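First chain written, first letter: the chains are A, B, C and D, and each begins at residue 1.
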Amino acid sequence: MLTRSTMSKASPSWPDLAGRIDGNRHILPVRVYFEDTDFSGLVYHASYVRFCERGRSDYVRLLGIHHSDLAAPGGDQEPATFVVRSISVDFLKPARIDDILEVITECIEIGGATLTLHQEIWLGTVCLIKADVRVVLISQSGKPLRLGDKVRAAFERSKTPH
Amino acid sequence: MLTRSTMSKASPSWPDLAGRIDGNRHILPVRVYFEDTDFSGLVYHASYVRFCERGRSDYVRLLGIHHSDLAAPGGDQEPATFVVRSISVDFLKPARIDDILEVITECIEIGGATLTLHQEIWLGTVCLIKADVRVVLISQSGKPLRLGDKVRAAFERSKTPH
Amino acid sequence: MLTRSTMSKASPSWPDLAGRIDGNRHILPVRVYFEDTDFSGLVYHASYVRFCERGRSDYVRLLGIHHSDLAAPGGDQEPATFVVRSISVDFLKPARIDDILEVITECIEIGGATLTLHQEIWLGTVCLIKADVRVVLISQSGKPLRLGDKVRAAFERSKTPH
Amino acid sequence: MLTRSTMSKASPSWPDLAGRIDGNRHILPVRVYFEDTDFSGLVYHASYVRFCERGRSDYVRLLGIHHSDLAAPGGDQEPATFVVRSISVDFLKPARIDDILEVITECIEIGGATLTLHQEIWLGTVCLIKADVRVVLISQSGKPLRLGDKVRAAFERSKTPH
């Protein structure tokens, strides 16, 4: 979920490429291509895990969080990145080639170094997948880093009240 | 490059999801995500091959060619699909995480059962990749099938004069 | 996790290609290649999900369960397959390019139509990943199917007592 | 095709994991899993491109070429890596789930900074894929680097006379 500052906004030519923020939720459209399916005729289960990562990346992008914002406060500016600590996914219904899916992402908990996100993938009015994902901000060397104020504020504003 | 008739048009909510036809060319925007990169820090070379397939799929989709149009004329309606017979790719420049790429596809030759497509992937004003791809229409059982009139006409209208 | 009867055994030339059964556990070696890593320099999180699926496929293969064994008893022989109903993964430590990982799979619960598997991925003496995976046997049309006697017996023999 | 010196040899427990050198050729067995197929029921075309990369990685590994050997001679030891400059692939016959494929790699030309490799993928006695791949050694900053003496000698010894 790193973002390069030069690319952190949607391209002017392709306005929806990073999806949209809608209230507390981020919505990303994802087309199912050949590469996402398997010989069962359905979407391969790990493809949904990739789709969720795309949703999280674009959610962070549209929150305006840049790579440089992720470095620990205090100025040492060690490069930092979010890594996935745990995922839990329920596969409810299958998707198929050519389907247009929507990956919905919301932040449900903000810890010292961690975020918990709830994600769902929908096909029209049908929910296909529900996932809970915990990510942690770590330094290059693998040490958990406290979320900086700007990052924390961006997620707090976007967080779904529970 | 199969298309389901129910999904063969761009979604009304996400108008650019299948890219755009621009003259004789189809243009598809592709965002680079974590999944597309490798530990070198750059995009993994086979990811460009996947991106080209997405471009071809959406080009066929926007030409209005449906799965049912691919069945052999004469009405036996054996399910048919395009498969890749050969690819030749020059990798000129690398792409990186968060880049917005444009996959450009044009048809340069129409044979009895085959199409030859030229594809390029650009980052802004820089060409990263050039590819020539030959696809062949085959039946379920693997037999090459002559392109039907509707399919042939759609590609003829779109074909780049050489 | 379908197996073709013609390929259900390890190849004579490559004896360990499907890993080994060791007591109640199946062990599959997996090399980390370029394709499995991302630009962080580490293995991409969804790659471990793919590695777990390889482990399950080869576990079923070495249990001697063939595709034809999966069809519902009673002889209607509707093609059946295992699909993933849920996964829960803890990512403890990262893997890197060139690492040789071992995917360990054991069956911990056998239901009417479902199996619950516990999987771990190790690098030498370090556990990188723990996963619980529930799979369900379904018919072509998506209906859950009761596990047949031969399949049930194979998993019962292999099941880890809890 | 980087190799970590600590992992550059086959694991003692899994002797064939990196395949085998057989005369001038390297042979790597590859099992087809769910992840490699698509909804057509066959192996997805870009999966073969990944399989070829695995073959090249293990060929370099079994030639005994370590990451540290790739740095330019003269001792500045700038990290170097092979990148793919071009590929050309003919897809002759399809593979299917559970198939055991053999990826065969040989070096057919050694240039100043480049290697040209011929690769084929076989299923039993049937050739499915033929590919020519040109790789170039580049520095971290993207500059082509002359192959060092040790690397050149290893490929010269292994090169197929033409």
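Here is the rule we go by: contacts are C-beta pairs under 8 Å (C-beta built on N, C-alpha and C of every residue); 3 or more make two chains touch, one makes a residue touch a chain.
For clarity, every value in this text was computed on a predicted model and none was experimentally measured.
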Shared interface partners, meaning chains that touch subunit C and subunit D: A, B
Interface composition of copies subunit A and subunit D: same or different, split at half: same
Magnitude of the superposing rotation for subunit A and subunit B (Cα, nearest 5°): 180
Whole-Å gap separating subunit B and subunit D, where each centre is the average of the chain's CA atoms: 27
For subunit A paired with subunit D, centre-to-centre distance based on mean C-alpha positions, whole Å: 34
Residues of subunit A touching at least two other chains: 2, 34-35, 40, 42, 46, 50, 53, 96-97
Topology of the chain contact graph, where touching chains are joined (line, ring, star, complete, other): complete
List of subunit C residues in touch with subunit D within their complex: 1-4, 7-8, 11, 13-18, 29, 31, 33-35, 50, 53-54, 57-58, 61, 96-100
Residue ranges of subunit A in contact with subunit D within the complex: 34-35, 37-42, 44, 46, 96-97
Residue ranges of subunit C touching subunit A (in the complex, touch as defined): 40, 42, 45-46, 49-50, 53, 81, 83-91, 94, 142
